[in-house]
Each structure stands twice: as structure tokens, then as C-alpha cells.
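Quick one: structure below, then a few questions.
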Amino acid sequence: MAGQTAERDAAFIVEWLRASTEAVRAESDRLTELDSAIGDADHGTNMRRGFTAVMTTLDAEERATPGGVLLVAGRTLVSTVGGASGPLFGTLLRRSGKALGEAERVSDEDVRDALRAGVAAVGQLGGAALGDKTMLDALLPAVAELPDYAAAARAAEEGAKATIPLRAHKGRASYLGERSVGHEDPGAASAALLLGALFQVSR
Amino acid sequence: MKLLINGAERVVADALRGMAAAHPELRVDVERRLVVRRDAPVAGKVALISGGGSGHEPLHAGFVGPGMLDAACAGEVFTSPVPDQMTRAASQVHGGAGVLLIVKNYTGDVLNFDMAAELVEEDGIEVTKVVVQDDVAVTDSTFTAGRRGTGGTLFVEKLAGAAAEEGAPLARVAEIARRAADASRSFGVALHGPTTPAKGSPTFDLPPDELELGIGIHGEPGRERRAMLSAAEIADVTVEALLADYPASPPGPLICLTNGMGGTPLLELYGFHAEVVRALDERGATLARSLVGNYVTSLDMAGCSVSLCEVDDELLRLWDAPVSTPGLRWGH
Amino acid sequence: MKLLINGAERVVADALRGMAAAHPELRVDVERRLVVRRDAPVAGKVALISGGGSGHEPLHAGFVGPGMLDAACAGEVFTSPVPDQMTRAASQVHGGAGVLLIVKNYTGDVLNFDMAAELVEEDGIEVTKVVVQDDVAVTDSTFTAGRRGTGGTLFVEKLAGAAAEEGAPLARVAEIARRAADASRSFGVALHGPTTPAKGSPTFDLPPDELELGIGIHGEPGRERRAMLSAAEIADVTVEALLADYPASPPGPLICLTNGMGGTPLLELYGFHAEVVRALDERGATLARSLVGNYVTSLDMAGCSVSLCEVDDELLRLWDAPVSTPGLRWGH
Amino acid sequence: MAGQTAERDAAFIVEWLRASTEAVRAESDRLTELDSAIGDADHGTNMRRGFTAVMTTLDAEERATPGGVLLVAGRTLVSTVGGASGPLFGTLLRRSGKALGEAERVSDEDVRDALRAGVAAVGQLGGAALGDKTMLDALLPAVAELPDYAAAARAAEEGAKATIPLRAHKGRASYLGERSVGHEDPGAASAALLLGALFQVSR
């Protein structure tokens, strides 16, 4: 587990995003399958398209700061994904990036605070609350565990699974009413992949 | 399922290339996924921009042209476009009289159009947004992301487009769009689900003796699955749901769009329309106009939707006004 | 397969009731299965009558109106109409300048229209018949009932309709129709077969990785079954077959109809059109106009056909001439 | 078997057409199935519609002569069936009716001669020859056996089955080329039903 004094640089964030991209690519079909059950069968494709673009952008131009990397990654998601997940995950990264400011190195506490700000922005933008069967059901419990990356990844994973019995109140799945019950929320599953990737690169 | 494509990731770009080849009266930016009136910007005219996920053709790109939209932004299949597309569209079609954004009420569409609206306003262009939420199948809309925008979008784009073409100012065009949106109700039924290129198989499986009531246009399952019904019974369920949602019973004169979802033959659709007209008539509703065909589709989904728009003389006049787009064309 | 119908035996009558409700500009005789221009007979104008089995909508009834057909006779699904329909149509639309019958080349259609022509002539009305046989998939046509009439029928009805609308005499309208028919070539491909109401299941089964090349519009299997191809490959096979059938290589300027068979979404069809245009271009052919959509369908068959018509200035002018029908509408 | 001197009246022809109608109704799905393999899946519906209309017409207005019954039946087929089979089977009956003239009673030889004239007219109208895989492959061998109704029915049945290995050269099935081989021709199957019905009522 990452020590409280560890210093994280831009490369760390890039590695996180790279690991996220790999996870999203590997799980793309499953994400689409989840979205097919209670949505419109595009979530895997959306995430893969967005993160692939993020890696292309980051490979093309280097950013000196963790905040800068997150900002450009978030903006890339907004510009390439579309749908609900583009603005929401885009906002998560952009807002986290903003919170990190210009610092070249940040602590895990900084990362925690930044991600909490990002998740709060997601909640504000989409108007969803815990239990609405959205990505927030994975994100909120996860950032509560930070800076313990392992616990955060576990909480995200559990939060995603915990969406299964819920009835959706936001996003496309909400139109299904009771029929949304019994399926994992695709956005929450994606969020768990991102937190899992974060844990992976933090070790 | 086999599809007539070159690969899932190329579908939207290929379709735009085809539109470019087929419609010299449009300007198609394949790279940026924009379809724009050739004569845009029309000086002094309010510019109408809409867009959304692809897979609903002719909506929206097929409704670009005089009397309707100035620009359409095409997202990936069933995925709303990104803000960059709307801002680029605005810069191309803004004729000095402001921009009206017509948005179907989905979280993704609303978020992306909202982001775009902010950016466009920052560029000093006056922007108004109208959200279409006409799907009465979403009953307890306080527990959802509101109602979905479906077939009624055609009414909003046509009526607001006619007002803009007449030279009405932005506030007035927006008012017409809002009145049209408020006056619209839709309800859809699927006999089998659509096959998205990314998934390659139907987004929901329906047994051979069941149908899905209250479906949207994105291959989401509907609210209820029932034993198969006849066209007459489907018309009754549909019309009942639509009329029950109007404050007055019966509502005023109606425009009726009997819409195919993409995979149902026109032969069946006309037969269904006959039953819709009967069902409306039996309930005392007055039909002012009707339109039958595949206008707001969901890829190859088999099924249909009915959209009604309650009209007064003004809206009816705007409906009858000339329109010249690939998907809708009448008048002189 | 589920269909949006009230019962197989009611399908055609129901569709005609729906057309009557949707199109006040047409006169629909549901009992006798006739669709007629409201202003018929137009005095001094050659009257165009076509028709055929139902299931190909908008062909033919959707092409009735100024600039195209005066009347369409609707048979049962995939079954040519009976002579009584054509004689009744002639008596309603004959404006004193004779009648042109446009017939797709199928044994049933030819026999029934021939019987009708005899009877109409006996009534003292001048009649000329033009048979459309544009399907190049039928290669050894000496061993068959000739070539099938498919998508090219749209060209013949549009071009001859424009000539008639301009006031050309029967001989001239017939000559235009024959030139259009001679200049037309079509080739079709199915990804899955159509479901007729009478049979209730697809008329042919296609495995998930195969397609059927050289299909007609009646759910007959095609001439060859192949492993599934991409849109680009299908366009190459199709365009190759079409161009090879013209005497000159490349032929003169072409109108291209990229036609959906009913169950293929417009999104895919536009993408396919892009490949057709590329394939034509690579072979040196010149595209004068294109039309993309579901015009000559086969119920819910998934797939497409391409029809080409080699045009000179006159035919092109007639193509651009105004037309105002439910299925095809442009000009002023 | 019918004797050579048997006299046939209008009622006999009506009974033949009634038995034909029953057979066509009973076999309608099979006929459509055959037409589905090499045609357009409407033959059973076509025949059922036509013969049902024939019975309605005959039940409404009585005809005094065998020829009169056949004429009106043929005309009804032409007016209600459409497709290839309407004009062809319609012509078969009309032309046979014409050949029988105004006589109130006719011999089996008259019936034979009339049906041969009818079948010849079908050949002329459709331009098909024996072996083209059409109704003629059942009709021609059948009328050759008349006035032996049993042999005629057998010949029609065998003729229909004999179309299986043939390649079609007329009608819709011809577009299939080699792929029409291996399927029984639906029109020939219908013709066999009519001849079977004739044998049945002749006993």
C-alpha cells in the first residue's frame, strides 16, 4: 500500500490512465453487455473510444503536472465520448485536475482530496445521489476510503456489485423502472475499473 | 445478426460519406460529423441546431434544409454528440439572429448540449435550448431522468424550423418550439429489438409471441412485456396512453405521426395507421394531419410509435409551411 | 415472426385504409384495391397505370400523384393484381389521351396486365404496355421467364410520368418509358429473407454468416449464397454486375438508386451508398444523381439493391421535373 | 371408374369444383411451403382465395350447363387470384367450359376433349412446354389418360412429383436456375389436387 508520504508525479497519473485504458479495453464487451441489459448497449464502446483518445493525446504531448494530465484527459473524454459517461467521467478527471493545481508532485492526500472534489462535481452535474444506481455508487464509497488505494478499489468493486439489486433513478436505466433491478450498472462497473487501475499503479 | 457495414467503428463516418454523395444540397463534414444547410449561415435567420446519437435516421441529419434544421450533429450510434460538434455547428450556421438548440431529453444529450451552450454563449452568440420529452411511456417521471425525447422531436424541428424560416426572432422561435414540445406525446412498441453495430445482436430478445410496450428509441427494453397483440389492439393501447396524458379529453386537433422503428414494412405501418385513426376517432379526437413512415427510427427495430401534436391554427399553418430536406419535403 | 397486422388476409385492405386516411390527395378504393390521383382523369394527359403485388411499398401506390402515376393497382402480397383492377383503373384515369401500362416482368403480372389491356382496348381506349426487366442477376434469361422487373421500375414510372405531365402524347410517353426501361439495371442482395403474412416466417433462411446474392423482390432465394461480405465488397460485386451489363464501358451519366429492401436501417444504407459511389467512380462511371432510401422493398427483408439508369440530357431533365407523391416528392 | 357412357351434368362439375376447393383448402399450407422453396410463398393462399370465390359464386347463382359452370368458375379465378396461377388455371377452366358449349349433359369423352383444349390453352398462354417445371407437367400427362379418371389422377400426381428433379424454365422458379432443382412445383401440385378431385367425384 502506498505510504502517506509518497509523492506522485505526472507519470503516475499517466500510468493510472494507461492502466485504466487497458482495463476498459479488456472489459469493453462486458460493459456493453451490462449496458445492453438496462441501457443502450454503448457503454463499453464509449469508454474504449474515450480512453483510447486520452492515451493518444497524452502520448502526443507531455504534461508536466498531475493536474495538467488530468485536465487534458478529462477534456479529451468530454470531446470524444459523448453520451452520459463522457461529460461525467470527463468532469471527474477535469475537476480532479483542477483541484491538484500546478503542483509537479502531489501527496496521496492531495490525490484523495482532488478525487473527492471530482466525484462531488459528478454528483452536481448529473444530480444523482448514492443509491440511484449510477457510477456514483462505486465512486462515493471508493473516495471515502482514499488514500488507501486497496480499500478504495475494493469499495468501488463492492459498490458496483451493490447496484445490482437497486432500481435506477437516473440515466437511461431509470426508464426501465422495476425492470432495472437485478443488473449491475455499467457506469459503476467502469468506475470500479478506474479505481482498480489506480490501486494497481499505486503499488 | 449481419449488418450492411464495413465495421462497427466506421458506421457513422460511412453514412455521412453517403449523405455527402447523395445530397449536394447539404454540406457534410465527415470528420467532425456535422450536416449543414448548404446556404448556411442564412443572414438574419435564427439558426436551428439539433443532433443526437446516430441510428434514428432520417432524424436528425435528414431534417437539415430550408424550413427545418440548419445543422445536425451526429453522435456515435445511440450516443449523444460531443460539445465540440455543437459549437462548431453554431459557428457555421449562426446568421446573427441567435441559435436554438433542440435536445432530446437524455442525460447524455442534455449534458453535452448544456456544455456546448455555455461555450457558444461565451463566444457571444445568443443561445436558447428546448428539451423534447414527449414519451408518455415514462409514467413516474419524478423517479427517472424525466421523460424521453422521441418522435415528437420531428414536430418540434418542423414547427420551429418553419417559424425561423419565416423570419421570426429567437424568442418567438423558441416559444413555438416549446409549445410544440409541450403539445407532443409519443408511445412506442417493439416486436423485436434493434441490432447495434457494436453489439452485433439485438439489444433485447423478445420471444416469438411477445411484444414490448413503451419502448424508447435506443433499444432499451420497454416498461412492460406482453403477449403479442393485433395491430388494432396495439393501436388501442397506444392511443389510450397518449390521450390519457393530455389535460383535455379529447384534446384539440391533432397531427399524428405513425412512425416505423426501422424494421417494420410500410405495408404494415399503413395498416397500423388505419387502426390508429380508428382508435382516435372512437375517442372523439380530431385528426388534422397525418404522416406515416420511418422518421424517428431505432436502427432495424421492428415496431412502431405514434406521436401526436395538439395544434392550433398557427401550429397547423407552420406544419403546412414548405420544407425541403432529405427526409421531409413538401410545399413550394 | 411477429407482424404488426390484424391477420394475413386483411393486410392489403388495412394498408389501403391507412393510405386513404394519410393521403387526402389520393382517391383510395379499398374494396377494389385502387389508388388514384384525386384530380384524375386529367383531360388530355396520357394516363399511367401500374401495379403489382403488395409488399414493395412505397412502390406502386406511393408513387401515385402529379408527375408520376395516375393509378396503382394493389395485388395481394407478392401476387399480381387481377385484370378487373386495371380495367377499372383505366376507366377512372383515362383523360382521352390513352393509357400506358407499366408492368414488371413476372409471368403473373404480364398475364394479368395483358388480359386487362385487351379488355381496355375493347372499350375503345388506346393502350400501350411497357415491361420493366432490369434485374441483371438473371443472367441466362433465355432459360427463364426473362429478367425480373425490380428497382428500375421507379425510373420508368418517374421519367414516363414526367413526360406525361408535360403533355407528351402516348407514343412519346411510351418511348420515354421504354428508353428508361432499356437504360435501367438492378442487382440485389439479401442479409435475411422477408416474412410474408401468409407464411409467417422468413421465405428463406440464411445462416448468420452468409448472404444471398442476386435476389429479387419477392423473397425468392437469390442465385448464389456466399460467405458474408463487407459493405464495400457488396458494393463491388453489385456495381461490377451492373456495369458489365451495359453495352458501353463505362456507360454514360447514371442515376443511382441505392435502395433498401425494407429491413435495413437508413444509417447502413447511406454507408453502403458511399461504397457504391466509390465503386462506380473506380470504374470510371459518372454519377449524375442519386437517391437513397427504401423505395422498392420486399416487406422486412434486410439487404439492398442498386439500380442504375443511364441518362441523356432529356431523361435527366425528366428526372429533375417536379413530382408530388407520398413516396417521391421534389421540385415546385 | 366412370363408364364411357356416363352423362355428366352441371352438378357434376360443381361437385368437382367443390372437391377441388376442399383439397386446395386442406393442402393450402403445403402449396405455400412448396412455393416458398422456389417461388414467393403465395401459391396456397392464391388457390384458396380463388377456389373459395368460385364456390361463393356458384352457390349464389346456379348454372344450367357444365360449360356454363366452368366458364363462370374460370372467370372467377381470373378475377380473384392474380399471379401466374390465376390467369392460367382460370384459362384452363374457361377454355374447357367454352369447349363444352351449351350442352346440358356431356359424356366423359366430351370432358376429356374439353380439358385437353383447356390445357392446350394454358400452354399457349404461358408458353411453357412439358419439362419446364410448371403445372403443365401434371396437366399434360393427366389429360392424356382421360377419360380414365383414375389413371388421369395418378398421372397428374406422378407428373407433379416428376417436377422435383427438373430445373424450372418458366415462372418465378426459373430465376433460381440450378437451385430450383430438388423441389416440387407448386402449380403442378395444385393441378394434381384438381385431377384427384375429379377422380373422386367421378366414382
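Going in written order, the chains are labelled A, B, C and D, and every chain counts its residues from 1.
Convention: a residue touches a chain if its C-beta (ideal position, glycine included) is under 8 Å from a C-beta of that chain, and two chains touch if they have at least 3 such contacts.
All values reported here derive from a predicted model rather than from experimental measurement.
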| item | value |
| --- | --- |
| Partner chains shared by chain A and chain B (touch criterion as defined above) | none |
| Most distant chain from chain B by Cα centroid | D |
| Rounded Å distance, chain A centre to chain C centre (Cα mean) | 53 |
| Centre-of-Cα separation between chain D and chain C, whole angstrom | 31 |
| Chain A and chain D: spacing of chain centres that average the CA atoms, whole Å | 73 |
| Multi-chain contact sites of chain A, meaning residues that touch two or more partners | none |
| Residues of chain C whose C-beta touches two or more other chains | 77 |
| Interchain contacts, given as pairs of chains that touch | A-B, B-C, C-D |
| Complex interface listing, chain B residues touching chain C | 1-7, 10-12, 14-22, 54-55, 57-58, 62, 77, 191-192, 194, 206, 208-209, 211, 228, 230-232, 234, 258, 262-275, 277, 287, 290-292, 294, 297, 299-300, 302-304, 329-330, 332 |
| Residue ranges of chain A touching chain B (in the complex, touch as defined) | 32-33, 36, 38-42, 44-46, 49, 78-88, 125-126, 167-177, 179 |
| Chain C to chain D touching residues, read off their complex | 8, 53, 75-84, 106-108, 111-112, 115, 137-138, 140, 143-145, 148, 196, 198-199, 203-204, 216, 218-221, 223 |
